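Below is one structure, written out as structure tokens; comments come after it.
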Amino acid sequence: MPVITLTTDFGTGSPYVAAMKAKLLAGCPDAVLVDVTHTVPPFAILSGAFLLWAGTRDFPPGCVHLAVVDPGVGGVRRAVALQLNGSWYVGPDNGIFGQVLEELGRPGLAVELRRPPDASATFEGRDVFAPAAAALAAGTPASELGTELEGEPVRLPRREPSVLWVDTFGNLITALKPPVSGVRVNGQDVRVGAPTYSQAPWNTPFFYVGSLGYIEVGVREARADQRLGAGPGTPVEPL
Amino acid sequence: MPVITLTTDFGTGSPYVAAMKAKLLAGCPDAVLVDVTHTVPPFAILSGAFLLWAGTRDFPPGCVHLAVVDPGVGGVRRAVALQLNGSWYVGPDNGIFGQVLEELGRPGLAVELRRPPDASATFEGRDVFAPAAAALAAGTPASELGTELEGEPVRLPRREPSVLWVDTFGNLITALKPPVSGVRVNGQDVRVGAPTYSQAPWNTPFFYVGSLGYIEVGVREARADQRLGAGPGTPVEPL
Amino acid sequence: MPVITLTTDFGTGSPYVAAMKAKLLAGCPDAVLVDVTHTVPPFAILSGAFLLWAGTRDFPPGCVHLAVVDPGVGGVRRAVALQLNGSWYVGPDNGIFGQVLEELGRPGLAVELRRPPDASATFEGRDVFAPAAAALAAGTPASELGTELEGEPVRLPRREPSVLWVDTFGNLITALKPPVSGVRVNGQDVRVGAPTYSQAPWNTPFFYVGSLGYIEVGVREARADQRLGAGPGTPVEPL
């Protein structure tokens, strides 16, 4: 059964998520729907790009990943479907696929989606992206949904390494990759390393290779973000 | 595969939602379950009625929509299943179906559900409504689940037009329908109109026809609710 | 279709939940996934044990219940699969299954799960528990996933009766079972009993037998937790 995942900034409990699922199931009745997250901060394309990648990277080829963080809805930004690693990524061409593109390289196929004439100008997630995602999941060739994308999809801006995300436990997921011998965060040097939380000293920030393959900074059973005064966007440096 | 949606005020992460899903899957193993929302404010029938309608209106006929916002659980209010537009709405007869009734008209069939003698007096969502919803999704005739409803189902109270809901982005969904040439909200006249956010001026409240067919008021990439001091229930007037 | 439920402390909207679901669907493509909760307070094994039991008790035999509240991830605590009442419970052996064990008795089968050599040291939910849960749901014999558990699984500590959980409405779910003629909570005696909220007096704490079979304390359409200054862990005594 085809898997379709959803990543949005609609908020927990928004009826707009169900509205998109109505269209997904109408177009692909046997789809398995998996929520990645609906709590991307409003309009936060950079955060959304990270969460989309983090929540979809473990799915096998053959899935459809729908992402709607879309402050430019109804305007001139393009609507796209990008094929990467055998799966389709569907949403606005505003950078939301930037982290996936950084990790997975150039898309195999890239289509600019046609906009149905009766689509709402404020909710293309329901009227453009969900129908396209459902069609792709149901096996419709992408060429029937639009035309080949001209040029490149929008990528993330070049930027200094920073904290990409803070998880529920307060751990900092940084943009650094191993190997490092430490991390400087917010002017503080973290030089203690440990393989996992339960092997780290108590009450001490430490770094480790996280489950996403990036360097993370944590404090055992406590919040590294509060301890270090850091959050998404805080600059980091390798030591 | 039959679709069953869920709308409750149980809160994010409540194990009571899973308890209802256990009964839904026991009674209809091939059902596809879709959460509309579980963050209706506690006991807020008017908000729940709006969210139920907003989250289910895009589903095709043949679905079952379960709604449990039920301060009168275990008491004298009736348990009902209402057939509207070819789908079933199942829950307490306390007004939770009021917005759906306003939009879709009188039910085709209406049944007062039988209460199993061993049902919990505090959780009929699990013991009355979920089993009935599952049975309807599995094709059981409604007549086997109870008796024809006497009189009319409870409707929403007559009320002045107001803000029905504030979405995650701070946009105001009002009870007004187009055409209008503006909206008065909380004593402030909003006369700027735009087709969508990305075509609106910055930093200025504007009105538009939202994706639900109602007039909405927004501020481009900012929060109209804070800007205008408005929230659910704030009166609105067409200009 | 096999049902797999998920109970974690990953937080609402965490991409790590989707990562586990990717592995669940890879190992058991026709599984029906049901979220119990992802808002167990971080590292709170006692709360998690309650929510796991409350959210899974209504499922029939033959399900797989995955629970990941796991401060000791990557360390010496064991990874287990316990068969209770015909369903499998999969997760860390740290007490998270304590409430289920108290309610359902000793496991029929108990297996210490093998750890794949390439498993992340910080996310065994994705790399150890989800693959094992999927395999069990797909019919793999437990003996292929590890070895018979030595000794007993970890149980909850012995403790005085207390408030186990506060629901979204502010009702106190206590560890007391009926019959009682009242409950002392935080030094206050609650002697008024009622079968359900809508039959209770207004503005008065009352006790009732809740839908989980425990004694609960509520205030009609108001918050008993605030009224009585009580929360999870507040001691209670039967009267």
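To keep things simple, chains are lettered A, B and C as they appear, and every chain counts its residues starting from 1.
Convention: a contact is a pair of C-beta atoms (placed from the backbone, for glycine too) under 8 Å apart; a residue touches a chain by one contact, two chains touch by 3 or more.
Only a predicted model underlies this, so the values are computations on that prediction, with no experimental measurement involved.
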item	value
Least step count from subunit B to subunit C, where 1 means the two chains touch	1
Angle of the C-alpha superposing rotation, subunit A to subunit C, to the nearest 5 degrees	120
Type of subunit A:subunit B copy interface by residue overlap (half), same or different	different
Inter-centroid spacing, subunit B versus subunit A (mean Cα positions, whole Å)	30
For subunit A, residues that touch 2 or more chains besides their own	12
Subunit A-facing residues of subunit B, complex	1, 3, 5, 12, 32, 34-40, 51, 54-60, 167-169, 195-199, 208, 210-211, 216, 221
Footprint of subunit A on subunit C - complex, ascending	9-19, 21-23, 25-26, 29-30, 33, 42-43, 71-77, 120-123, 126-127
